[in-house]
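For reference, chains read A, B and C in written order, and residue numbers begin at 1 within each chain.
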Amino acid sequence: MEITKKKTTIVLFSGDYDKAMAAFIIANGAAAYDHEVTIFFTFWGLNTLRKDEVVKTNKGIIEKAFGWMMPRGANKLGLSKMQFAGMGPQMIKHVIKKHNALTLPQLIELAQEQDIKMVACTMTMDLLGLQEEELLDGLEYGGVAAYLGDASEGTVNLFI
Amino acid sequence: MEITKKKTTIVLFSGDYDKAMAAFIIANGAAAYDHEVTIFFTFWGLNTLRKDEVVKTNKGIIEKAFGWMMPRGANKLGLSKMQFAGMGPQMIKHVIKKHNALTLPQLIELAQEQDIKMVACTMTMDLLGLQEEELLDGLEYGGVAAYLGDASEGTVNLFI
Amino acid sequence: MEITKKKTTIVLFSGDYDKAMAAFIIANGAAAYDHEVTIFFTFWGLNTLRKDEVVKTNKGIIEKAFGWMMPRGANKLGLSKMQFAGMGPQMIKHVIKKHNALTLPQLIELAQEQDIKMVACTMTMDLLGLQEEELLDGLEYGGVAAYLGDASEGTVNLFI
């Protein structure tokens, strides 16, 4: 007798530190509850997955411009509110440390340990000129079909 | 024997080009997978549906002000990130064209061809002073009850 | 014979007047349709629940700073679009009154009358330094586990 696990899917569209935190807290919580969890990274959400280094790539001018303007990885993201020229993110990181909560990079690590499926949207990677070698290891790559395949079996489906 | 189709509903609250793109890509994908799809347009999401022309209407001053300040239609929307005084949207449109992806107006056309149900929220139309003749043809009109009727049968329900 | 009610859950992450309005309109609508409704307030969404007064608390400096910078309660929230240095919210409140729609504080009152479960996220209360006596009465307090308990039984689950 097979027991089907509940499924949770999250589209992470946003590239804000606070929204990405919320996404990963829900995702990690659902995985701890034994849900099968997929996070689908699209548009600015892909910046969460960028490596914190300059990776040599062969790109057009617009793609290069996007590459330079967008934050390189989870630790560089801004806030959706109270950014205050970078002071807001510092304040949040300070209180996270003070309360022994997990930072965004730690939440991402935990997600990988919990085998949360992380799918990078290939269509928006093309548009923003992001290449696989610029993103974290261990990702899957897919389009809207991959997302809908999971979401149409999902109990909790969120767009963040 | 009747087979019930899966249902997908999206509330499009946002009036950003990139978020509206994401909404229409998911909606069109779900329709291609034979889901019954409803997009419910509320608040700034209604601007996606505005005609690209000035329509003569009889409005109060505040409603006129909203009318002038809000973008007229899908092609005029800004980005949720990296707006850069209008340069961001131009860059996105450039890479969409380069990669033979669909622009937002094309995604809306495709949604109409696929018989995606597009419902404009009458309550926020009242608040923002938008009138039926200012919006695209072929829409339905309804309130939160219409939305909940569909969403409570939905498998994938998103708020964008 | 027990009939199980449908469940609707909303994560209110945003602290914008317009997004909070949308959340409460959907929540109140679902409650009127006899759904069991939970709103889970996290991050800036907690500001919706702040009392409109200065409450004496014993806080660290960063928590005090967050306390002063964040809006005190539903009536002080800004808009997600067209804020225009405070003019936008005034315009919205003007048209709400004109069309006999409900303001955000009235929508919150209605939610309480309809026994909508309102849960404040304890983890982000810690991070932002918000204390129970600063928030409205009649709330429940919980973390991501409380949210997932409800959401994994939910028919309509939204992140706003």
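Going forward, a contact is a pair of C-beta atoms (placed from the backbone, for glycine too) under 8 Å apart; a residue touches a chain by one contact, two chains touch by 3 or more.
As the structure is a prediction and not an experimental result, all values here were calculated from the model.
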For the Cα fit of chain B against chain C, please give the angle of the superposing rotation, nearest 5 degrees.
-> 120
With over half of the numbers shared counting as same, classify the chain A/chain B interface as same or different.
-> different
Gap in Å, rounded to a whole number, between the CA centres of chain B and chain A = 25
Two or more partner chains touched - positions in chain C = 157-159
In the complex, chain C touches chain B at residues 6, 8, 18-19, 22, 25-26, 29-30, 33, 35, 80-82, 91-92, 94-96, 98-99, 101, 155-160
Footprint of chain A on chain C - complex, ascending = 11, 13-15, 42-44, 60, 62-63, 65-66, 69-70, 123, 126-129, 144-145, 147-148, 151-152, 154, 157-159
